[in-house]
Every structure is written in C-alpha cells, then in structure tokens.
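Per-chain residue numbering starts at 1, and chain names A, B, C and D are given in the order in which the chains are listed.
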Amino acid sequence: MNSAVFNHGRLLLWGGFLALAFALPLVFKSGFLVSLLCQIGIMVVFALSYNMLLGQTGLLSFGHAVYYGIGAFVTMHMLNIIGKDGGPLTTALLPLVGGLAGMLAGVVLGYVTTKKAGTTFAMISLGIGELVAACALMFPGFFGGEGGVSGNRVVGKGNLLGFTWGPQVEMYGLIVLWAFLATVAMFALTQTPLGRMANAVRDNPERAEFVGYDTQRVRYLMLILSGLFAGIAGSLTALNYEIVTSETLNAHTSGVVLLMTFVGGIGFFYGPIIGAILISVMQIVIGGMTHAWLLYFGLFFLFMVLMAPGGIASVIAIQRNLWLAGLFGRMVPHYLAVALPVLILLAGLVGLIEMSYALLAGEGVGAGDTATKVMKMELHLNTPGPWLAALGVTAAGLVLTRWIGGRTRAAWNSALATLHGDKS
Amino acid sequence: MSSPAIRITGLKKNFGASEIIRGVDLDIHRGERHAIIGPNGAGKSTLFHLISARLPVSAGVIELKGENVVGLKPFEINRKGLSRSFQITNIFHNLSVFENLRCAVLWSLGYRYSFWQRLAGLADARLRAEAVMEDIGLAKRRDTPAGILSYAEQRALEIGITIASGADVILLDEPTAGMSRSETDDAVALIRRVTEGKTLVMVEHDMGVVFGLADRISVLVYGQIIATDAPAAIRCNAAVQEAYLGTSLNHD
Amino acid sequence: MEFVVISLLNGITYGLLLFMLSSGLTLIFSMMGILNFAHASFYMLGAYFAYQISTWVGFWPGLLVAPLLVGAVGAAVERYGLRRAHRFGHVAELLFTFGLAFLVEEVVHLIWGKTSVDYKIPVELDGTLFTLFATDFPIYKGFMMLVSVGMLVALYALLTRTRIGLIIQAALTKPDMVEALGHNVPRIFMLVFGGGTALAGLAGVIGGNAFITEPGMAAAVGSIVFVVVVVGGLGSLGGAFVASLLIGCIQTFSIALTISITDVFALIGVTLPEGSQVARLTITQLAPVLPYLLMVAILIFRPRGLMGARES
Amino acid sequence: MKNKFAKHLALGASALLIGGSAFAQVKIAYIDPLSGPFANVGEAGLKGFKEAAEVLVNQKGGIMGQKLEFTGFDNKGSPQETQIQLKAAIDQGFRFVTLGNGSGAAHSLIDAVNKWNARNPDKTVLFFNYAAVDPTLTNEKCSFWHFRFDANTEMKMEAISNFMEKDKKIKKVFIIGQDYAHGHQVAKYTKEMLAKKRKDIKIVGEDLHPIGRVKDFAPYIAKIKASGADTVVTGNWGNDLSLLIKAAKDAGLKARFFTYYAGGLGTPQAMGAAGENLVLQLTEWHMNVPTVSTEKFALDFNKKYPGVWFYYLRVNNMVQMVAQAMNTAKSTDPKAVALALEDMRFKVDTGEVWMRKSDHQAMQPLYISIFSKADGKTVKHDSEGTGYGWKTLATISQRDSQLPTSCIMERP
C-alpha cells in the first residue's frame, strides 16, 4: 500500500509539523512573531483550499475570498450571538460554523460558477466576487459597512480545558489545531475518488465525461468543499483579529491567495503551504524594509510565472529527484557558480529601484535603513555617479549571469536528460 | 436479447448548411465486432461522436440496447454501458498510468463522487485497474505520468481506459492509427483479447486490421452506409469497390 | 424628457468609452485566447503618457503619440513576456497579465506619485458644445464621442478592408482554423496585442482628463470591462459594442431612478416586509451592482453572451 | 520609520532584541494608510506630524528633555490591518497611537485599544484621533483612552446649518454622499438640523453613491439639476469630491456646494477653476485666516515638502497639547497623560482649544470659507498653486461649536 494517508513516514512527518508548530511560540516569545505565525496558519488553510480549485481541479478562481469572507462574517455574528445570549457553541468550535457557512455559499454560488470551466469560469468567479464585494457595502446590517463587524472572542464560561482564547498564544494554539485538522482533511480528500476525479477533470474534462463522470458535478462538489475549508480559514481570521471587514471578501484578498498558491506551487499538495509562509513573511519583512516592496513583489511574481511556473514546490521537487538520482552533487558547483553573478545582478537592480524610489517617491530611504546599507553612505541622487555605478553593476551582473548562467543551464539540461533517461 | 446493441435509424448531422451524416440506418448486433470503413471525410468519426453524444444529433434515433439515447450527455451514455476511445489520444496526461486506469473504473464500481472513502482502500478498483494494466502491457510503466509515455503506449492506454470500466459496447476510433506494423499487430491482439464477449464497433483505415478483426463491416460514403456485410462479401461488393477505387472500375 | 435625453447622452458617452476598452480586450482574446487582466492598466498608461506629453508639447500630439507608445509597450510585453508565458499554458498567461497589472500600478505610483495628476482638458475643447433645455453639454464629451465613433469606423474598415483585418476577423469565430492555415505567426500576435493595448491607451488619453488621472483608475474600470466582454459574448466585437452601450446606459439610468426595491416589487404585486435592508435599497444604490447582476443573469440564461459565437 | 520596524523584527527573530533605541524619546505610532488608494492622505499627515513635532516641540526643548517622534505604520486604510499594526506597534513598545483616516479604522482602533487596555492594565495604550469625525466616537462609543482633536460631523453640520439658516437665498437642498457611515451621517444631520432651523428649506433629493467607484458624476449632476436644487451638501472627499465638482461645472450646474473636505489633499488642485465661488468648506483653519505663526509654519512646510500642502492645523494643536500634557503630568504614562489632557485649555493661533472632559472632544473655533480667486488681499494665498484660495465667510467661535454629548465614560 503505497498511498495510505497515514503510513509510518507520513505519520512522522505530520506529527513533526504539529509538534514544531506548537513549539514555535515557546522559542520565539515576541508577541509580534506569534501574531505572524497566526496569520501564516490561517493563510495556509486558505491557500490549500484555493489549490483544491486551481491545482487539483484546474479552476482558476478570482473570487475565492467570497467563501473566506462569508465564513468570517458568519463566525463573527455567531460569536456576538454567543456573547449576548450564550449558547451551546464555544469559541473553539466556531470554525466549524464558519466552514459550514463557506460551504453553503459554495452550494449557492458554485451552482452558477461551475457550469463552465477554464477562462469562462475565471471570469464568472471574478464577476461573482465583485458582486458579493459590492453587496457587502450595500448591506451594512450584515457586513457592518466600511467599519466591519467586531466582536470579542473571550465569551462564555468554562471554555474548553479552561482556555479563554484571549491571549494571543492560546489563539495560536487554536489556529494550529484547526489548521492541522483542515490540512489533514484536505490531504485526505486528494486520496479519495472525488479528489482523483478532480485531477482527471483538470487534465482532460472530455475524457472524464467518457468514463462516466459529470465534470460539472465534479467541479461543483470540489468548489463546495473548497468553500468549506476557505470558510474555516475565514472563521479563524475572524477569531484571530476579532474584526471582519468587507475587504475580507474583495478582489484583493482573492488576488493574494492566488499569488500565494501559485508562487508556492500548484502541482503539489504542500506547494500552497510554502507559498503561504513565504508570502506572509515577505509581506512583513520586505514590506518593513522598503517602500518598493510592492514592486519587488510584482517582479518576483512575474519572475516565477516566467521562470518557474510550477512554483517553489516544483523547484524543490526537481532538486529532490536529482538528489534521489544521485545527480544533485554534480549540480552544486554550478549553483554556486551562478549564485555570485545573480547576486551582483540583484544588487544592481535593487540599487536602481531603491534610488528611483528615493528620488521619485519622495519618502527618502533615510539614514539607518537596512536596505540602503548595501549601498553604504549618503548618495547624491542628483549626480550621475550613483546611477552609473548601479547601472554598471546591473550590466555586469547581467553579462555574467548570461555567461555563467548559460553553462549552468547546459549542465542543468544534461542533468535533467540523465534524470529522465534513467526513468524512461 | 432481442434488441441490438446499437440501432441507428435515420441519423442526420448538419454543420451549418453542409450535411455530414445523411440518413444512416445501422444495426450493431450484440457481441459482434463491427468495423466501419470509408474514404476520408465520409463521416466515420462524426458518426462515432453522434453515438457517444460528443456532438448533438440533428435528426434520427440512436438506440443503445433498445433505449433511445439521443439527447443524453456523454457521461450518461457511458453509464449505460457504452465506452469509446479517440482517434487523437485523449488521456489524463498528468496522472500516472495506474491512476488513469483507476479513474476509468471508479464510476462503474459505484464509487461515484465519494469523498469519504480512501482510494487506497478500494481493493476492487485497484485490482481492476491492475488487471487492465497487465492486459494492455503497461504494468512496468505503472507510475509513469501518461504524458511522457511513448505514442504506442499512449494508444494502448487509450484502449485500456476505454475498456477498463467493463462497458459491454466498445467504440474504438482508429485504434492503430500511426502505429508501425509490429505495434499494429500487438494492438490487434490486444483488442481481440480485451473485447472478448463484448460488442465492438471500430473505425479503422488499416484494412489488415479490419479484415483480421471484424465480424461485419459497414461502408460509409458521403454520410451514408452503402453496404453492411461480412468481410468476404464486402470485399467483392461492387458499390464498395466503386467508392474505393473510383468509377473506372465499373467500365471493366 | 430633458432628463431622459441628457441621461441618454451621458450613457452613450460612457458606453463608447467602455467600448474602446472592451474592443481591444475582445480582439486580444479572440486572437490569442488571452484574457488580458492588465488591459485596464494600459488604459491608465495611456492617460499618464498623454498627461506627460501634454505637459511638454500639449494635448494634440499626445492624442496621437500616447496610444502609439502604449501600443509599443504592449507589443514589447507580448514579445518578451507573454510569449514565454504562453509556453506554460493559459493559466500562466492569465497570471502573467495579472502580475503585470500589479506592476504597472506600482510603476505609475513610482513615476507619477500616488495622487492624481493635473491632466487638463485642452482649452480648445473646454466649454459648452450646446445647451439642451437648461443643461450644458460640454464640448469635450462631444469630442469623446467623436473619437470613439471614429475609432469604431476605423476599426471596422481595418477589419473588413484589409488582409490582416480579414485574418483577425476569421480568428474571432474560428481561431483553430486560422491557426491551421498557418497564420498563427508570432508577429500577428504581437501586432494584435500591441493594437489592442493601443486602443486601451487611446481610451485612456481621452478618458483621463474627462474624469481623473490617478493610480486607481485602472482598478476602477478593470472589472467592468470584463463584464462588458462577457455580456457581449466572448470574441464578438459587435456584442462588445452593444454591451458597452447597454451597460453605459444602465448605469446612467439606474442612478436616475430613486424608487426602492419595495416599489419595484410593488409593481408586480409583491409586498416586501417593511424595514428589511433589501427593501430600503434604491435602484440608485444598486447601480454599481447592476452590471454584475446582468452578467450573472446572462451567464445563466445565455452563456455565450448577447452576440457571442462560441461559449468559451 | 518602516525600516526600523523591520530591523526590530530581524533582531527579534535572531533573539537579539534591543529594548527601544539608544536615545530617550517619546514615540507615537502613526497608524494610517501609507500605501493603496489613500496613501497620499496618509503620507501628507505623517509629514505634518513629523514637521510639527520637530518645529513645535523638539526645537523648543522637547518633552522633559526627550524628543517627540512619530513612526508610520501602514494600515492600508483597512480596519483589520489597523489592529494588526496596533499589535506591531505595541510589540515595539509604543504606548501612544494616532489615526485619522476612516471611521471604520477609528472604530476598529478604539475597540482594539479598549480591549487591550482591559486585558493588559499594566501596558495601557492611548489613542489620539486627529481626523476621524464619526460622532459616535465621543458619544455612544466614547472611551477614556480616546481623544479627538477634530470637530465631529455633528458639530460641523451644526456650524454649516447655522450658516445656512441665515442665508435666505437657500431654498432647495440636495444631499449627495458616499455610501458609508460618514456619508450617511452627513445626510442625517443635514436633514435633522435643517428641519429644525429652516422649515422652509426643501430637501429635494438625497443620493448615496459607492465610495471611490464612480467615474462619471454626470448622471448625478443631471439628477441634481432636474431637482432644481440651489444648494448641495456633501461629505465627499478625495476624487469623489473633485469629480463631483468637475461634473457640475461641465453641466453648467450653478448650485453651491457645502463641503467638509474641499480644502486640501489635492482636491483644490483637481477641481481648479471649476470650484470658483461655488464650493464652500468648513475647517478649523485655512491659509487666509489671519494667523501669524501658523501662516509661517504653513509656508515653510509647503516649501520644504513641495507638492504636499499644509492642511491640518489640528495636527499642530494635537502635537502641542500632547507635549504640554506630558510636561504637566511629568510622565509619559498613558493614563497620566490622559488625565492631564482632560479639560486642558490650550491657546492656539485661532483662539482656544478646549478638550472637554466628559467626552474627550476638542472644541475649537471653526471657519466657513468659499473658493475664490486669489487677490493678494482677503484671499492672500491661493490653495495648492491653483490661483484660487479660501475666503472666510463666517467664523464660529469655540463656544458656538459646542454640542451636548451622550457619553457615559468608563474611567479607570
């Protein structure tokens, strides 16, 4: 049995991740890092739920935030109801409510959207997303207008095991627990008949019809289930921030989850996890370092689309295959050789971008900025000196990268040829 | 066993103004191997597409085992026990050979859209897929993604997917197209083996394959069946010769 | 009466502007199968380029040069970006344009700042064209209509009178066939993408000063253009035209209607419960949602769009 | 600013967090949009605070010898992000926060601050509000931990409606606003107050449009025109206001516009000549209010930051009042500062600012002015280089701007 959900190796891996997730806040005591970890946990679930559509069923959605947002709003209202009237539910179980809400939204909206696949689906999802987002501002009673709906997650008495979920660390524990459950469930789903047929529908919808499957039904079911997990993620957001606003379900949120999932890699189950972690950290770290972070972000995304459309996970997977084939060793010197010119190129580009921002965007990249320390000292941007230097570095980097990169590529191609030769 | 496997009456298909299928009547008996031949552009593939509901019918009736199936969706017809292959390889490229076959058997084993059962736990699906894999000679390629198989292997897989569900009416659209001689021989043997006891309808250009496999042959010319008969009779049918060799033969 | 005429004029002006955007999008989609997410970004670039040129040499040269520049940028994007993304399939292409939209906005922020720029209507066009009843109709709106219609005529001539036009036209309905005939040369792709983006650029040149030139302008029209293309029918220029005018007028007229949902339902004899949130909404408030509702309705009842030839 | 935040994070990650900076300083976190569609507003505010802290506090001896510093935190205009940024600020040791843009964000912040202070009574945080004008913030939702330095919507409408009461030319009023809390409140107070003060004025129409999404206001203008309104009241700001005025001019609408936010942040530039003698605004100050030191400050500011025009007098007021409160209390503990701010009467250029104790709402003189051609005399300075500036039509004294509050404050 090679594909059981819980064979020994996998059990160890899952357990290891769970333990690591619980251990992290013990190592990093900073409140900010715990907050960051909470955000990552939520995004992991959200991105994985998105990949149920994009990676597994081949549905490119531009409106996935709708399910996330609806899960969040319903949770928040539920939280407020519990806070006011009490009730059988406790905070810890609310993600289930949010998930069901997301699922219900999937049942209703998915009926319309999944009639089509491909480009048409992408557009319908965009339209539905815009529709719901616009409605959000129109019905302030439910969506709370531009101020959103807020609540207090410390409600009820005698919460599960005495946790109040007030402190961020307790909330983190709750998020890890739910994220873990959702991840296991989503992974298990890939190992079921529906999960596999979703892959089949993605690869070749026509053929899927001719082996007896209604592709529309497969897409619909996948969307509903994806809505369930997106709803859980939204619910966790609601509990974590104790406020939900209409932007939770707008196009921007849909875009972010798409970016995360794609950058991480849609072809692998763990791809979106990598993406969620990477993008969350990037947003905060790079976002904190430079005003140009959105530009870097956009460039990075385009670079990924053009150079590594399989995402980071596919890059890792290829390295792993090389390693297993014993070919990784012979690539290492090439990687190292190409790293230097790439760094030079990057330094030049970063220099140019940062100087442009300093000059044009007004907000100087003032003294003490870590990002400008690369370039040291004060630069006179109104003189050609720094610009020529940066241009020179960029050009040198470019030439070197092309030169050495050519060799690396040749080595890479030969390694891949050997790899595939071995296999076929 | 009264009704034929497939009964086609008055079938027509237009693409805009041009009529591609112009009133086809045809009975396919249960258990026979039936080949449809005809010159290029005669409408053979279109006929297949109509039977399998890939294209909508313009007029006429198609009965599958006595039941009118016009207007049904492809998957509905498939569930009634008709399975088809494609002239242009039509497989799940990113899935492994094994997964391709397993996908093909899931519905017929009643797993439908289940998301509460583990695939790995479905022994019958695994056994059936493995059996087909063995049949089509791809056991050693079990975990290879279908997209990187060789052409002949993909054709074999195409047939494998078609027969895996256990459908009793099999439509094969040029199963040996583009194969070398030896590959064709293997394919013929394969088809013969896997369609044992089933109804087979095939479109084929390779006359060696046709005459080696078929119990009966229909000749489709310009959207009409001009003859349906046993191979030997078809061979010396004047109308067929005219259609294939041109009118000059008539003057002999 | 006065109100109806004025609203109609406003609706048509807006609709024509939408058509300038959606025609390029339709062309690109038909030929290349690419849903250009960055299309509205080229509209924005058109406005900014025209602004920049107008500060140097005035509005009129900008009217010509800015769309050409935008087209050149578009062609370069196709040549060095999309063509590579194309190898990885449609999803990669779509994502590429998605990322591009993001990048363009950021670059606009960088070069022209985050506030609106002072892109003025040229003095020659600043004034009243005619006064209808008591309302002035500005010259510039007339000019916008003129340019849109001129572009429409030019596009029509190009498509029906030239060889490349015939190829493009054929591609609208039968892309596979055109491809099979060997016309799928990268150069045509580049040309069409450049041309389509240039149209968006032209819309930006005349829309930028009529409204406002600011970094959010792309996002503001981006999704509505998609609605137009879907409602009109993918790949149908005629459909895009009809849908543009339709949506332009719907948006204009819905603002005019102060009646609430309750009133609407009362017309058909249904009484809504008092005080519910839906009941209190007026059609005016619903105005921005109507195009999306229309799109959803179209997709349910007529998936190929008003005049679409094919479904996807 | 932002970079320091990252540095802290990086150091924190490597477990080398150094507590605070080497120089003693009083730090205030400025949580407002620094990216996204409202980034220009946020950045202008931040520059204003930095300049005010430098010129009005630090160059005059600082706070008990310490420097006052403002650090920007980008909330992207989002209530949710506001809470994330608040957490980030608290983690970095900030005890004071300020925010101005968006009632939603302000509500979110006041909630978060209340919650935080209840859960962490030893690390309280104080919120200075410099521009969020939702009246509920100093009424139903008032908090001990919140101080507002701007007049709220209700007070502003009181002033505007008093002005309208005296103008007998006004017969028909049309209300147009953005479809969100602020727009709704402006409409509500306009109707209520006019109904009380001028029964003869007819409200001939009321429209709410989606915020930031209308490209062409021509249909709305057509509607206003059809209604025969001679006066339009709007709470619109930013592009929604500029586009509205432009469309009015295009269609030849001659109605006067009473606005809240026509005075700054790019709006004068965008409306240009279209606004002449048609657009009125209510503010706590404008360039042509005869004030010596503020005028100089504004001119210096405009020279130092070309393209950003000094607009917020209340920023200066707030910075000075906070500094004085800290100096008086001889403490930078939020609670002590709050107590010292309560009931403070602070002398500024335009008169006196009084921080009312019962609801923490600042009372200050207000001005109604009209957009008119700069003539070097009454309209000495133009606005944002347009050739048009603001001419005072009426002054509302601090006393006249006061309104009762329904605040029942929970005091620690």
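The rule is simple: contacts are C-beta pairs under 8 Å (C-beta built on N, C-alpha and C of every residue); 3 or more make two chains touch, one makes a residue touch a chain.
If you're wondering where the values come from, they're calculated on a predicted model, not measured in any experiment.
Q: What chain lies farthest away from chain D once each centre is taken as the mean of the Cα atoms?
A: Farthest by centroid: B.
Q: Centroid of chain B to centroid of chain D, CA atoms only: how many Å?
A: 75
Q: Centre to centre, by mean C-alpha position, how many angstrom separate chain A and chain D?
A: That pair's centroid distance is 36 Å.
Q: Return the distance between the CA-based centres of chain B and chain C, expressed in whole Å.
A: From the centre of chain B to the centre of chain C is 47 Å.
Q: Please set out, as single numbers or ranges, the residues of chain A touching at least two other chains.
A: Chain A, residues with two or more chain partners: 134, 138, 140, 294, 362.
Q: Could you tell me which residues belong to chain D and also touch two or more other chains?
A: If we look for residues of chain D contacting two or more partner chains, we find 43, 179, 210, 307.
Q: Hey, which chains are touching each other here?
A: The complete list of chain pairs in contact reads A-B, A-C, A-D, C-D.
Q: In the complex formed with chain D, which residues of chain C make contact?
A: Interface residues on chain C, with respect to chain D: 2-3, 6-7, 10-11, 13-14, 109, 113-116, 118, 120, 128, 131, 134-138, 140-141, 210-212, 214-216, 220-221, 251-253, 255-256, 258, 284-285, 287-288.
Q: Within their complex, state which residues of chain C touch chain A.
A: 33, 35, 81, 84-85, 88, 90-92, 94-96, 98-100, 102-103, 106-107, 109-111, 113, 223, 226-227, 229-230, 234, 277-278, 281, 285-286, 288-289, 292-293, 295-296, 299-300, 303, 311-312
Q: Tell me, which parts of chain D touch chain A in their complex?
A: Touching chain A: residues 1-7, 9-10, 12-13, 15, 17, 35, 43, 74, 78-80, 83-84, 87-88, 90-92, 102-105, 107-108, 111-112, 115, 119, 179-181, 210-211, 305, 307 of chain D.
Q: Please output the residues of chain D touching chain C within their complex, sorted ascending.
A: Within the complex, chain D touches chain C at residues 37, 39-40, 43, 179, 205, 207-210, 212-216, 218-220, 222-223, 225-226, 239, 242-243, 246, 250-252, 265-266, 269-270, 272, 307.
Q: How about chain A: which of its residues touch chain D in the complex?
A: Residues 28, 30-33, 35, 39, 134, 137-138, 140, 145-148, 150, 152, 166-167, 241-245, 247-248, 284-285, 287-291, 294, 362-363, 365-366, 368-371.
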